[in-house]
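Listed after this line are the structures, all set down as structure tokens.
Two complexes follow with chain A in common, the first pairing it with chain B and the second with chain C.
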Partner chain A sequence: MKRFALAPHLIGLYPLGMMVIFFLGPLAFMIVVSFYLRDPLGFYKVDFTWENYGKFFSSFYYSVSLRSIWTSALASLLTVALAFPAIYVITDMRRKWQLAWVIGLLALMCLSEVVIGFAWVILMSESAGIPRLLGWLGLWEDPRSLSPSRLAMLIGMVSLGFSLVALMFFPQLSQRDRSIEEAAQTLGTPPAQVFFRIVLPIFRPGLAASLVTMFVYYLGVYVMPTMLGRPQDWNMSVIITDKAVEQANMPLGAALAVIMLIFTVLLIGGFALATRKEGAK
Partner chain B sequence: MTGLLKRLFIWTIAAGLILPFAVVFGVSINAESNIAFPPTEFSGRWYIMLLTESDWLIPIGNSFTIAFFAALIAVSIALAANYVLWRLNSGFGRAIFALGIGPFLLPPIIIAMGASVFWAEAGWYGRMEATIISHGVFFVTLPLVVISRGFAALSDDVIDASRIMGATPRQTFTKVILPLVAPYVVTGYVLVAIISVNEYLISYMVSGFAVETLPIRIFNNVRYGYSPVVASAAMGFAFITVLSLLALSMVTDLLKLLGARRD
Partner chain C sequence: MAQLSFNSIGRTYGEFTALSDVNLEIGSGEFICLLGPSGCGKTTLLRILAGLETTTRGAVHLNGEDFSNVPCHQRNIGMVFQSLALFPHLSVGENIAYGLDVRGVDKKARHARAEELTALVGLPGLSDRPVSALSGGQRQRVAIARALAIEPVLFLMDEPFSALDAGLREHLQIEVKKLQRKLGVTTLFVTHDQNEAMSIADRIVILNDGVIEQAGTPTEVYARPQSEFVANFMGTNNVLDVEFVPGADVIWNGISLGRPSGEMATLSGKRKLSVRPEYLQLAPVGTTGTGMLGTVEFVRLLGAQVETELTVAGHRIIDTMISDRPPAFGEGDRAEILIKLDHAWVIPS
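Moving on to the complex of A and B:
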């Protein structure tokens, strides 16, 4: 039994306090506000009403929710399908090239959604981007802007999440035991089969975890749908921001965010439980 | 054959990630005042406008101020949390660490919405301090993980040696631990600062109408008709980000830090 150390506990109060007050505090208060009434003259009036949640059960929010889920699922699948093989190839490169890729990916990860979105807006525009190039090559008679559109939004989202997934897998893939792959190759297995039948199964748990992480991440993106998507492509995040900021209805925005929070926590919790069960087997 | 396919795949990916920025760069050095590519006449006027007009200088100043202090807060929380976990390795330390991972697991919109109502109630809605604290707390995950790698790399011999030679825990911390984890702390600081400069949603929902940051400025510009200054601002962003990371890669071994195999 060690003697109770006071100093580290006191030091621990600082990070604990900061996280509880400024991270958990806002989340808890958001739940409180979701039961308040809207005040057209200020932020909200103290009350206890289920009205904000009642609004969620309508065909509008139903279709927005389904759309958010579908878009996030598609985007996370595309991102992982591209980023995992890419980082698999990158980790076998020479150190110099690895460093170049890692710096590039880190830069992309840090770079603002706004900047990446803007870059794609330009690239898909009639005056400066791909449509102009196709028109100039004579491949497209009447070039028109490709954004805003659903496809543009998806491309923007994937290019936003790509670096995250790639960097998430970098340590695992870099440190992986290459002897199994080498053994398979020596026995005459073609490299494509080595990837699909050996590497993918080994990383199945990690792949599943990254799919869930990216799904949750994409649920919360705001900039890409507004910049590259049409109003009929907007996800729940855009609607929440629109209600809370543009229409100054914080209680409704809070209620919608709480619903998303519950959905996210259930999803992550369910996933954690499922993987633990599998691990126990 | 497969080697060729591999190369083709990786070059396509690289092209897809770089192409948008190549075009934006082209737009930013074009003399024409409407967005057009390829450039017809080269000019640096949009960069000069970016660095001389108060329309752009104020958001730039705001963004850098927020990033400077937010990164301090994030790194101080991360360092304290890691130290406590290292010293105690108890439920208390682990709970603090887990709390720090939390913000990363939630969709940013939920965090932004929570921060928005919280600061509205606290009366700091629309103040820069609110954005600073929120950024500092929500971006804690990255330095937390990075610094934990530093603590994991501490060898017990050094700590034991300092203790045997009579150093107090405080001396051990300042004279032995801190210098050893310093590169990780610096890396964490730079990463949070870069992410904070680039962040849009939290800044917008906490104090976007009063404190305009650079991403907010760019976003508003793109939404309501834009000029090539936006392109130069976007390029400025990309340059600063890449340059900071390059500088960082000279100070620390980025590959090792991100978990590459030692060879």
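Moving on to the complex of A and C:
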């Protein structure tokens, strides 16, 4: 008879415990709160109501949701489209230049969102930044501050995710078999087309994964929209904070957060399913 | 077809010289093996030909025209890479048809050509498979078919079989040779394996330290090596520092190797003598009384042959003979070594 070994199963308790403490616990609390009633003087009143979820189904939240999705999608697309070719070029540099770039990218990552945000606020301001420079050069007759605006917010978001995506692809790209690209050339591909005809298709699964990762990441950004965007550019994360903290409506904030979480889980699940189907093909 | 000439090709990387002054003429339809130890410049030469590497001096002429400035993608050269470099995102058929797709050949013609080539290399019916689902030997064939699909003017292979096991490697060597004869395409094959070179090449070009040591048919380079390097690199050999005195015996380390005849009898002075192990004979001590005596150090059986390593006055001598022919010698035995001087080769100095 085979003895049941307990120890290997016990090891699983460790990640489970971590998950419960740091994620499932707060999540359960949030789900519970999302069914409570708002108490204008305190946090909430214990109850069971669908009212908070009902509020989501209004044109205001629809437009916030759509805007969040659209902004995140655009920002993730821009980030991957800029960072992937950049790291592709970097991995073909000499070793010491590669190292310099990687250190630079890592340094960019260790800066706080707030610092990057402020840097952009200053750079885009009327008095000190790019607009003033353009005005001084005579390229812009009537320089105005570029932030807050939708563009400023997107730039801020992209600068946040750029090093993340670049470093995500660094190992794969630096270890790729370069003779595949050479083979494409010997078969008649002009060097300028090798990137589009060979490199991009080979990295398609990785690119798709990074797009989804960045999309989900950008759904949750809070600092950049508040610092660089106008209220009409704010995404769901900012709205949730606004409801829960500014308007002291924890139950509504919780309900909106749960909806956002469900959407994200569905998205990742759908992606996982799609890639699995592709793998089985 | 393609007639190729290298005119004083040189390639340096900073201080390092990969190739210096390479001159070589290759005839149409020839199967050339570039052979040499690692770092000898053989792969660099192949890459220069493909247009993946530039020369620092000299030029390559194809059918009389300098094509040094033709970019890689316009050369129409089929190349099989050491790593094979198959496109992992494409199926077998798409890999093979890739070069035609780039050339704007329509889908139907591409498909027909891919089918033709899969049949030619012995992979019929596998067009729709992803390349990741193939075995090592099958991937080799796809790489060969992909390079041949563009009807190349030159066919280059960079150690394509180095990752395969011995049996499969021999099998593919024979197939490649047959395929090349059938298509008549001028082929350059890089290898560090002298057996591989001997078995498939029309002509072997032996490189060492960026210089061509010798270019010749397998028989020429084996039987008449033009340098000590070639004599030692091509198979097992005994290279002896001997002294010729006209009208007297050949002397090696104070030991007489016998009286030379023919052209060898006219030589004088210190020379290097290449004596293949198969032209040495071992006999029990006292058989002739004039042969040199050696002590058997090591014996190993190589199937049809038995190789015996002996020491004579502190020098190593290798002998091979057909394994079933007596007498057999064991380790520690003393034996008389008989040299057939007629079969020895004096390396030109």
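Keep in mind that, in the parts below, the second predicted complex is superposed on the first by the 262 of 281 C-alpha atoms of A that agree within 3 Å, B and C clash if a C-alpha of one lies under 4 Å from a C-alpha of the other, contacts with A are read in each partner's own complex, and residues count from 1 in each chain.
Note that contacts are C-beta pairs under 8 Å (C-beta built on N, C-alpha and C of every residue); 3 or more make two chains touch, one makes a residue touch a chain.
All values derive from a computational prediction rather than experimental measurement.
Visitor: Does chain B (first) or chain C (second) touch A:G270, or do both, or does neither?
Guide: neither
Visitor: Looking at A:M227 after the superposition, I want to know if it touches chain B, chain C, both of them or none. Which is it: first, second, both, neither?
Guide: Only chain B is touched by A:M227; chain C is not.
Visitor: Which partner does A:P191 contact after superposing on A: first (chain B), second (chain C), both, neither?
Guide: After superposing on A, A:P191 lies in contact with both chain B and chain C.
Visitor: Which one hits more chain A residues, chain B or chain C?
Guide: B
Visitor: Taking the superposition as given, does A:A183 touch the first partner, chain B, the second, chain C, both, or neither?
Guide: second
Visitor: Going by the contact rule set out at the top, does A:V245 touch chain B (first), chain C (second), both, or neither?
Guide: first
Visitor: For A:R204 in the superposed arrangement: first (chain B), second (chain C), both or neither?
Guide: second
Visitor: For A:I116, select first, second, both or neither according to whether it touches chain B, chain C, the two together, or no partner.
Guide: Touch status of A:I116: first partner only.
Visitor: Answer with first, second, both or neither: which of chain B and chain C does A:P8 touch in the superposed model?
Guide: Once the two structures are laid over each other on A, A:P8 reaches chain B alone.
Visitor: Can you list the residues of chain A that touch chain B in one structure and chain C in the other?
Guide: Looking at chain A, the two contact sets intersect at 190-191.
Visitor: Which chain C residues qualify as touching chain A in the complex?
Guide: Interface residues on the chain C side: 50-52, 71-79, 81-83, 85-89, 98-99, 102-103, 146-147, 150.
Visitor: Where on chain A does chain C make contact in their complex?
Guide: Where chain A meets chain C, its residues are 177, 179-180, 182-191, 197-198, 201-202, 204.
Visitor: What does chain B use to touch chain A in their complex?
Guide: 2, 6, 9-10, 13, 16-17, 19-21, 23-24, 26-27, 34-37, 73, 76-78, 80-81, 83-84, 87-88, 92-93, 95-96, 99-100, 102-103, 105-118, 120-121, 125, 133-134, 136-138, 140, 169, 191, 194-195, 197-201, 204-205, 208, 215, 218-219, 222-223, 230-231, 234, 237-238, 241-242, 245-246, 249, 254-255, 258-261, 263
Visitor: For the complex, which residues does chain A have touching chain B?
Guide: Those in contact with chain B are residues 5, 7-9, 11-12, 14-16, 18-20, 22-27, 29-30, 33, 43, 82, 85-86, 89-91, 95, 98-99, 102-104, 106-108, 110-123, 125, 127-129, 132, 159, 162, 167, 170-172, 174-175, 190-192, 213, 216-217, 219-223, 226-227, 236-237, 240-241, 244-245, 250, 253-254, 257, 260-261, 264, 268.
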